[in-house]
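Here the structure is laid out as structure tokens; the discussion comes afterwards.
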Amino acid sequence: MVKVTVWGSLRAATDGQAEVEVDASTFKEVLDALQLNYPGLTDQIEQGVSMAIDGKIYKDSWFTPVKPDSEVILMPLMQGG
Amino acid sequence: MALDEYQKRDFKIIGTRPQRPDGIDKVTGRAQYGADFYLPGMLTGKLLRSPHAHARIKSIDISAAAALQGVKAVVTGNDFPGGAKGDTLDVQDHCLARNVALYDGHAVAAVAATSAKIAQAALELIKVDYEILPHVTSIEAAMPTGAPLVQEGRRGRKIPEEYSDNCTGMCEFGHGDLDAGFAKADLIIERTFKTSSTHQGYIEPNACLANMGPDGRADMWCCTQGHFQVRNLCAQMMGMDQSALRVTASEIGGGFGGKTTVFIEPVALLLSRKANLPVKMVMSREEVFKASGPTVASLTDVKIGMTKDGVITAADALIRYEGGAWPNMTIFPGAQSAFACYDLSAVRAQGLNFLTNRPLQAAYRAPGAPQSIYAVEAVVDELALELGLDPIDVRLKNAARKGTKSSYGPTYDEIGLIPLLEAAKAHPHYTAPLGPNQGRGLSSGFWFNFGGETCVSLAIDFDGSVTLVEGNPDIGGSRASMSMMAAEELGIPYEKVRTIVADTASLGHNEVTHGSRVTFSVGLATIKAARAAIKEMCRRAAKTWGIDEEAVVWEDGYAKPAGANAGDHEPLSLAQIAAKSSRTGGPIVGHHEVMAEGAGVSFGVHICDIEVDPETGFTKVLRYTVLQDAGKAIHPDYVEGQMQGGAVQGIGWALNEEYIYGEDGRLQNAGFLDYRIPVASDLPKIDTVILEIPNPGHPYGVRGVGETGIVPPLAAISNAMSHAINVRMSELPMSPPRVLKAIKDKG
Amino acid sequence: MLVPESLYQRRTIPQLTWEENAMHYAAPETAQEASRLLAENTGSARVLAGGTDLLVQMKAGMVKPDLLVDIKKIAGMKDITSEDGGWRIGAAVSGSELGDHAGVCGDWPGVVEAFELIGSTQVQGRCTMAGNLCNASPAGDSVPAMVAANAVARIAGPDGTRDCPVQDIPVSPGKTSLGKGEFITSIFLPARGTSGGDAYLRFIPRTEMDIAVCSAGVSLTLDGSGTCTAARVSLGAVAPTVLLVEAAANALIGTNLDDAALEACGAACAAACNPITDKRGTIEFRTDVAAVLAKRAAKIAQQRAGGRS
Amino acid sequence: MSKIHVSTTINGDPTEFLCEADESLLDVLRDRLQLTGAKEGCASGDCGACSVEVDGRLVCSCLVLGAEAEGAEISTIEGVANGEDLHPIQRKILEHAALQCGVCTPGIIVAAKNLLAKNPDPTETEIRYWLAGNLCRCTGYDKIITAVMDAAAEMRGA
């Protein structure tokens, strides 16, 4: 099981929880599990999200491994200037 | 993929200052920028732009224009085949309106003719029937319910009732218990800050040359930060396959985020296809100001609580941005970066975006961060002053470090903020004496960095020289950095590697040159491509010597036998292996395609001294020092250049640059005369200090440095101003009329 | 949207109306020829000297002349000659050319520094004082200094030449008192006499490249004891045309420019101001700063006049 | 058609062209003579990217008419180097990495060369005010000033 933190404005879709637990071992499995348990997140996930795994930010990298003790933070898509 | 790419090593080429490969062309005037291309039979394209802040287009009569001698094509927004959807459709509408002209300068029709004069005359023959609509050009006007609506159906999800339908998006980041935090504070300061919309100010106006035939195939040359992005956007708008459109990036005359999208490129393709002739379009400076992509204006509330000894107990920010007539996402990086420099137990940053009748914003160097961090750094400075604490000590006490849970979520790995603050405190500038009417200001700054799609191909040519092919337009000298990294890895001289930026038909997709990502991502792919070539060269050597592949190592440009039973063989140089490559299996090319990950963040600390003339409000920048963490400075000249260039853009933003809209919603200063960017005589030398705290996610430890430099100056100059005239100003730019008024109001 | 596809096929080609009245360019070699061309033109003819205002306005579509009369080929237009102790400066002398002339710089540093503040180094390679004057912008940099210096413009026209004080040339923003067929051939800076000094200051938000938000020119003469015996104070960008402020001059005459006199001079300037609020400055800002600049310019003029600093 | 025939000298070479009466020298150089080293950044004399010399005077070629080039001596960035040998300013700008995107570089080189011909030993302040009409958005001017001072020193044999 992996603890995933969602950012403030998404917590409305996770019944107000900042952190939720899902059963997953890769980036994509985390997203699939989140959409299954919290359908309210589907819009944002389809628009595209990044994910910080142990401090490093990944953008849509489905097969990146996620360990049970990893710090997993859902984050908006990155843009630059 | 190994999480820790970084291996400590002593470098031979990395860190030196060789001459850039494109230098001769640029100092002799031969370099070809967007407007420097010509083709036989080329037409000139021009755009008709709406003179109104907001107007419905009831009808457009192009008959007279179409019939004018020399006119070969006339198009309007409805000539697009209709393939574009979502954000891309918004961008297409921004390039050429369909039903409503949403801002002063919005393009409503376009003409291609055999000369610029005829095209201009044709524009004057187009008759547009406008129905004027109410407009808004500021956040304050767009925000409340009942405000004039810019576009229907754009209200964001779960937007509080108090806001009008112009509010298209909301976000929130942070953690901890704010109320508990504020309760522990000895002093709480709450302020509101405003910043004006500013423009990237690139000296080269947007320009392109499109050549499309009725068979649906096309070529395009244009100045851009990302020709793959231009191809993909234009292909969707034109309803054509991406592979049917080949885009070649010209040299680019500055971008800073403003050339990460399209403005005239789709229109040039539309005109070229209709005329079945090449069409060249070049924006005038007035068009660049009115209708390209300036950055968002902001209205930000910041509330911070601090104990007597300078510990921040709670921090809260409400960040409101306005970014033009279509939704944009800049509140996300804005809210995420607001408190990113701080180690906080209770923090919240909320963002709200509002539509206005202005051009669709584009990124401008660390988009969203200068505006939000300016507000935070100003309040931190005021707290330190009120509590009688040294501004650097307060920042050191609360600085984010390894293991800090950042305000935007992830826990920081190795970061350089504390070493930077300590270096700033020790710098002679920080303790130099000041005269009357002078003030010193300090600010820290932050920006993310990104990876993204990156493709590189590295060919070992027969004579032992190397052609490195990459797909990211080089704005600040990145071709030199790539040649350096390839040469370092291959063990050959820097001059032996030629780096070129290829067109979209030569490589897989490459993410735009933005997000301070190029030296990191393209560098990473270059090193991996070089290692792939080395692996193949070792294999060729092993087969030549008749030994096992694993028994060959690569050292200082040579394949060498190694290991117990490798036998005694003369090492083979890269050139020797290359010369025989046709006989040992064929040309040797290393390549690497990746979604680069693991970019490291880059912090900065700026110190600046200013002097204010109390009788006129004129501000002179006396001294400026930039300290920034580069992870590893590949080519120190160009790292310094990013720091100096970013700082001066920030100085312009703080003192004189702003978009000025009249009551009629029209832009009043669409030119370099009244949109005042800093000139050479405005500035002192910009001193730079590079720190190198390696980024674990890159083989050489590289962090992107391109954007952080613009973040600190807004607060650094504002804080200096408050000490020079002992009045806290909270609106940018601090132009002389505003400064003189602040001094006189103080009494 | 009214876009019938058939229109593109119909190829009846109307004669290009804009073709006939395309702009014409003439470079006459005599003043008479130039003024004849200007007088006989029925449309809108403009004089081209440096062109650094005119070409910008043409590109922006603010003016659409059908004839440009380039005066740079007319004999004398580029000459700087001494006359009655002063200097006659040809109408086509550029800022950088005047800046290289030691004589004029020595006698009228205020006029030269005002002229050299116009635009960038590149603009200085082209712009002329006559052009700056005839553009009739309230913020023209050289005009307040010329007015303070009591300069006189020589005008050629269909009825021969006449002289006119510089302050009487601008009538309102963009409009001058010159008649049809008339153009300026030279500017005369009078002899300054011993112990005279002049200075010009302007306010801009940057250190270069801006249009004056407000400006002040002062020219004065001191007697042996350092008392001011004559003075002219003029202000720019604080009224529809450049202002010559008598009261400000009177506040200086008879004094040795002590603080009280300078305060009175500044107050008189503020009272005379009639500025607008626009994208470059507010009414309050222009009024306050014009007074400050007048005081500062007076002190510099005093130093240059060799009086007590 | 009512074009004007102009005979002039560009970088020492006799040159003839036809141009419209209201066509700028910049447009002639770029679109008729394919000398694209001078760049259009604003067309209003505010950015300096189109700097050339006309009869030895530094000017913005966007604020000069093609017709005014009759009989004049024009020198552009393309004429600054002497064959293979770069001018000291060109070399020093490369040595000091005093450019990033490079679009302002031609204008700055023409302006700096004009300055050093008049004033072989300018102070930093004199260089900054001389170059105030050449806008640069990438570098913050710092390395450009250093490069011009270094070139001046070399040219003086200092």
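For clarity, chains are labelled A, B, C and D in written order, and residue numbers in each chain start from 1.
Definition applied: contacts are C-beta pairs under 8 Å (C-beta built on N, C-alpha and C of every residue); 3 or more make two chains touch, one makes a residue touch a chain.
Everything quoted here is computed from the prediction, not taken from an experiment.
Judged by contacting C-beta pairs, the busier of the interfaces A-B and B-D is B-D. As a whole-number value, the distance joining the C-alpha centres of chain C and chain D reads 27 Å.
Centre to centre, using the average C-alpha position, chain B and chain C are separated by 42 Å. Residue numbers of chain C whose C-beta contacts span two or more other chains: 60, 207-209. Multi-chain contact residues of chain A (touching two or more other chains) are absent.
In chain B, the residues touching two or more other chains are 117, 256, 673, 678-679, 681-682.
Each chain pair that touches appears in this list: A-B, B-C, B-D, C-D. Those residues of chain B that touch chain A in the shared complex are 1, 3, 157-158, 170-175, 256-257, 260, 329-330, 332-333, 336, 348, 350, 363-367, 408-413, 448, 450-452, 512, 514-517, 595, 597-599, 697, 707.
Those residues of chain C lying in contact with chain D across their complex are 19, 22-25, 27, 48, 51-52, 55-56, 58-60, 68, 70, 72, 94, 96-97, 119-123, 125-126, 207-209. Within the complex, the chain C residues that touch chain B are 1-4, 7-8, 10-14, 16, 18, 60, 203, 205-211, 213, 279-282, 284-285, 288-289, 292. Across the complex, chain D meets chain B through its residues 20, 30-31, 34-44, 46-47, 49, 76-78, 80-81, 86, 90, 93-97, 99-106, 109, 125, 127-129, 131-145. Listing the residues of chain B that touch chain C in their complex gives 57, 59-63, 66-70, 74, 76, 78, 117-118, 121, 286, 615-618, 620, 655-656, 660, 668-669, 673-674, 676, 678-679, 681-682, 735-737, 740-741, 744.
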